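What follows is a set of notes on a single structure, which appears directly below.
Should a chain be cited, it is by its letter among A, B, C and D, assigned in written order, with residues numbered from 1 in that chain.
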Amino acid sequence: MHPRQEMIRITMRIQIVAWRTMTTIRYLLFIGTWTTFGMGGCSNEETAEAVVALAYESGINVFDLSEAHSGHRAEIQFGRILLRRAWNRSSYVVTTKIYWNTKAEGRGLSRKHIIESVQASLVRLQLSYIDIVMIHKVDPMCPMEEIVRAMNYVISKGWVMYWGTSRWTPVEIMEAYTNCRQFNCVTPIVEQAEYHLFYREKPELYMPELYNKIGVGLMAWSTVTIGMVSSKPEDCGVSFFSRSSYKNKYSSFSWTEDETQSLYKEQEYGWKEKSADDETRKYSDKLRDVCALAERLGCSFGQLAIAWSLKNESVQCLLLGASNIDQLYESLQSLQLIPKLNANIMNEIERILDNKPSRPPMISTLALR
Amino acid sequence: MHPRQEMIRITMRIQIVAWRTMTTIRYLLFIGTWTTFGMGGCSNEETAEAVVALAYESGINVFDLSEAHSGHRAEIQFGRILLRRAWNRSSYVVTTKIYWNTKAEGRGLSRKHIIESVQASLVRLQLSYIDIVMIHKVDPMCPMEEIVRAMNYVISKGWVMYWGTSRWTPVEIMEAYTNCRQFNCVTPIVEQAEYHLFYREKPELYMPELYNKIGVGLMAWSTVTIGMVSSKPEDCGVSFFSRSSYKNKYSSFSWTEDETQSLYKEQEYGWKEKSADDETRKYSDKLRDVCALAERLGCSFGQLAIAWSLKNESVQCLLLGASNIDQLYESLQSLQLIPKLNANIMNEIERILDNKPSRPPMISTLALR
Amino acid sequence: MHPRQEMIRITMRIQIVAWRTMTTIRYLLFIGTWTTFGMGGCSNEETAEAVVALAYESGINVFDLSEAHSGHRAEIQFGRILLRRAWNRSSYVVTTKIYWNTKAEGRGLSRKHIIESVQASLVRLQLSYIDIVMIHKVDPMCPMEEIVRAMNYVISKGWVMYWGTSRWTPVEIMEAYTNCRQFNCVTPIVEQAEYHLFYREKPELYMPELYNKIGVGLMAWSTVTIGMVSSKPEDCGVSFFSRSSYKNKYSSFSWTEDETQSLYKEQEYGWKEKSADDETRKYSDKLRDVCALAERLGCSFGQLAIAWSLKNESVQCLLLGASNIDQLYESLQSLQLIPKLNANIMNEIERILDNKPSRPPMISTLALR
Amino acid sequence: MHPRQEMIRITMRIQIVAWRTMTTIRYLLFIGTWTTFGMGGCSNEETAEAVVALAYESGINVFDLSEAHSGHRAEIQFGRILLRRAWNRSSYVVTTKIYWNTKAEGRGLSRKHIIESVQASLVRLQLSYIDIVMIHKVDPMCPMEEIVRAMNYVISKGWVMYWGTSRWTPVEIMEAYTNCRQFNCVTPIVEQAEYHLFYREKPELYMPELYNKIGVGLMAWSTVTIGMVSSKPEDCGVSFFSRSSYKNKYSSFSWTEDETQSLYKEQEYGWKEKSADDETRKYSDKLRDVCALAERLGCSFGQLAIAWSLKNESVQCLLLGASNIDQLYESLQSLQLIPKLNANIMNEIERILDNKPSRPPMISTLALR
């Protein structure tokens, strides 16, 4: 069965819980980073175009680009692909990000940087507007009012349809929302956040609250879903959680120091990282069990990871990545796995992972007396 | 006497009660759907142009287009007619609609869909702005804030002068209005709604309240006035209320399932539909009597239906439709009938119809004690 | 002495009390109506250009155009003059008006009409923006919110710098201001109103209050200052107040019926018009005395009338009109007269006129007990 | 050591305390006035370009232009330099000012003047947007609402990124901020103010409060830093404070009469100017001691003055000026001096100056009883 058929069926079923504004945008392709474009992914444009075309024809209509990686090559190549394919502009959604750093030119987040970034992306993509622009990380030096007004400006100019965030804490998103309300600006609609079997706290505990209270949906990604690791069970332990390689890639992506990163997780979510060796061993055990389960279900570890993420209804979009057609095809087939993930299987996974996040108990100051 | 003469006389008289912003836009032509353009109506552009020209010369200055039907042919043809005729842009009002569905591309109402729809209509019409854009039905998946801000955006861009609604419930219109006030956006000015001898509740009970409280006028249409049925008395019973044909046409127009439709009416307005046979029989009796009255007045059933609708002062605009000049001429002549509809005749019609809507009595919880 | 010298000197002196936004715009030329352009005024463009050039060189930097009279010829001719002269755009101020009627196309005030009018004026004037657009009379059929938002729109588009009103009552101006505050729109800055020796109530009693409270300045005009009557003392009685000729011209200007006009004055300001004969006789006596005074001062009646108007500090702008250079030169010379109007002379004029307006006494409901 | 190396090091260090929106814009070049462009500065464009290029290559990324001086030559020349150099637009910040006067054309501050000034600057600079536009002095005749709305307009048009003020009192800046909040407009981000060894009150006492409360940073300039005086110790006494030459240059810059100027300082900051001779003598003593200290530190008086200004953390930007490469190079080298300004040296300077500003004690009305 061609994945498209399955896709459409599932899409129909899930639209009831789908994302607020673009109801069927649920499965999307994460391209433009180390997988599809450049950095050891499909390095030539023909392969990239084939992947994009298969995605589009399979019902995927969201394409997420990331200016930071691979120079600006991803946007330029994707723009050329769109030009050649000449699909109806209303049939797909292009999202990109605003990156900033503290080292080079264009340093710091500012109205100037936001506007210049969006204009540059439009030129590279050869589009008259981008559907969603996400700001990658908050700059504590830039007032939230300035960010919010600048995003409202690029929307009011018609350059952008919606705006979102990427790697913001729930508190930062809430602050943005408050500023939008104070200055009558358009509110953000999406947070792009990491979500996988071993990182569940923010997506499962905090994002549903944000979605229900202020309409910010979750666009989830993980190293597995975006194709950074082999999805073959035998390799997964090594490539997914070998901390050093993970850290290197992660930090090149996140523009922060590794130290900050781990500190951050600890402070924000109470998830204390142990020594790398210790962690790797612990994850290895769990991984081995998940891989065994995947084998029983007749799928790869990667496919199980994707299907598991999609079972969570608070994931409005899941980012997929692929460096060639086969990888994408394999990822898409994981959609057929979803119906198989019944309560029993889900419970078994939960038992293996043993990391279901829960809110810390409220501490009553009265009780302390 | 040429209808134009009569038109102007009546136009002059009624301008005191006319619509808030465009005082003399009261009679207008509903084109662009199954009547004037395509779908068994006048299929060639010459006939359409002749109808539009007669309308314009007769004092009609509002032209309502509907993107949904007949592909986008109506907008394209009407744009070409305007180009050829080169009338002063300030002498007419073009209205069109934003449709959405849950099946194909451009699915769901969203900022993206609204903006893309308006831009596409402008291209097809070859106009620099549309006077009124109406949103056809509310999408419960799309936040009202997003709709309201998107409409404000297309207005602030200069693409649209005003916005309105089509087939919204009074509560939905009120919610839109509240959101406009909250976010300092331009409020809607018109609701396009069905209104005829046998569907009176919403237009007669609820629309006047909306007009007086928040300035939303009523643009009324019915299968009779837009020329979907023969206006000859002898056919009217068959073509107007033969449920099956009615339902088919209606549902193709409304983009909803028939079931939803009847359910909706029942829930919202307490008008419970009986079995199709039962209904048809009951209406047939009333229709026979109305047709007899029309004969006595020396006019067709359609003309009487039009004149009756215009007697209601809460109808700020009545949509007329015609697939050829003769049909339009006949409809326009119904204006001469209005003065003849004195209190006696109106009472007689009321007696025949026996469906004057009234608000359900307020139930006092005190009285229940 | 060349009028320019005098002008500059006086301009310097009065700038302390001058108008809020354009401090030296005090003397301006009322062109584009029956005097400078068309309708028995200077009918050829060379004369008009000579008048405009003399005005500009004499320090006049505001040019008021009126779309309503003489077709749209005034705007077209003035646009051509500006193009030929190529003065620095920042060195002059162009004001024009939005007219509406209840008879022809473009009927009624509406967002559509306001935007279309401004765009048409820009085309005729060949300018990229108009400095001030005034709305001539309120349309009770059009909600004030719609007017205020439309004016804010044309300003936000960059087509207009400021907006004002013309022939609005103080209550209407206040309502506009309230709506501006409610919807965060730009407030109007000027009311163009009639002001002369025999019409003093609104300008002297109500306009200073509006200026001080909400910053709406007064741009005053009268039949004398805009050159509709001969400024020679021997003719003034006949031409200024012969009611029939006055009324004809007036009504063609004001787009209202004479009856409405007199009724309006009576209702609004308690100035009851007697029969035309009666009125003319009464005014004739006063006029004869004012003319005698003018003769004593060595100036014409018109010059005295201009100087008298300028003595009133609540007149931020006085509209002058001329159908040829000589008329304008004569009007400009009246500036030299202002220093001669000392307290004694002003008192004598007050004694002659015997029409100093005063607010009706507050009626205390307590006192009535 | 090439100044660039030092620059980058220091820039890195200070970015923690740097300005809110453009974190590393701390050292900038004040060009376009009597130093770099025209008026006895480098009169030919090649020299100007060399200065600008050295500045850019040394890490300076803010260029401040001033329309008022040297005709509009500075903007035109700087625009041509940018065109030739073709640096990345996001790598530098262009700031300019809006001047107004009470004598010539374009008199008074107004929406018209602001918009026309910005448009003219854009044309001269050949840029599509200016980063910061500062309004030079408040016009008491122009309502603050008008200023604030006009600045918001040029920002919303995309012509300007930010706005600021120049020579405004803290109370005026606060009033602007209040108006911005009231009308939901973008708030100003910078005040350009004089700051040097002998003028410390406003920058040291009031600007930090504005920065902390409403985010308005300080862009400081002085006759020394912008290169108006020789930085050689032996000349400094003569050229820096010889009142007559200072006053002449100053007044040509400030567009006000000298009398107003000194009156202003006295009223606003309680700094009473004595007779010119008296003042000069008093300053001469202090200057002599500062010059001696500079000699001990192995730098020029000018370099010490620059380094001293940069030690103050409330100086977010310091304007440097140079009429040739050597001057700029010398100024840049003063950055190496900053680490040497330890607590002892700073205390010694404080002792020499004996003018540390302090807020007047609060007077309690209770204590007076």
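FYI, a contact is a pair of C-beta atoms (placed from the backbone, for glycine too) under 8 Å apart; a residue touches a chain by one contact, two chains touch by 3 or more.
In this text the structure is predicted, and so the values were computed from the model without any measurement.
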Other chains in touch with both chain A and chain D: none
Homomeric contact chain A-chain B: same or different residue positions, threshold half: different
Identity of the chain that, by mean CA position, is farthest from chain D: B
Averaged-CA centre spacing for the pair chain D and chain B, given as whole angstrom: 64
Whole-Å separation of chain centres (CA-atom averages), chain B against chain C: 45
Touching two or more other chains - residue numbers and ranges from chain C: 156, 184
All chain pairs that touch each other: A-B, A-D, B-C, C-D
Chain A-facing residues of chain B, complex: 102, 105-108, 110-113, 115-116, 141-143, 145-146, 149, 153, 156-157, 183-184
Chain B residues within the chain C interface of the complex: 15, 18, 20-24, 88-91, 93, 131, 156, 158, 161-162, 184, 186, 215
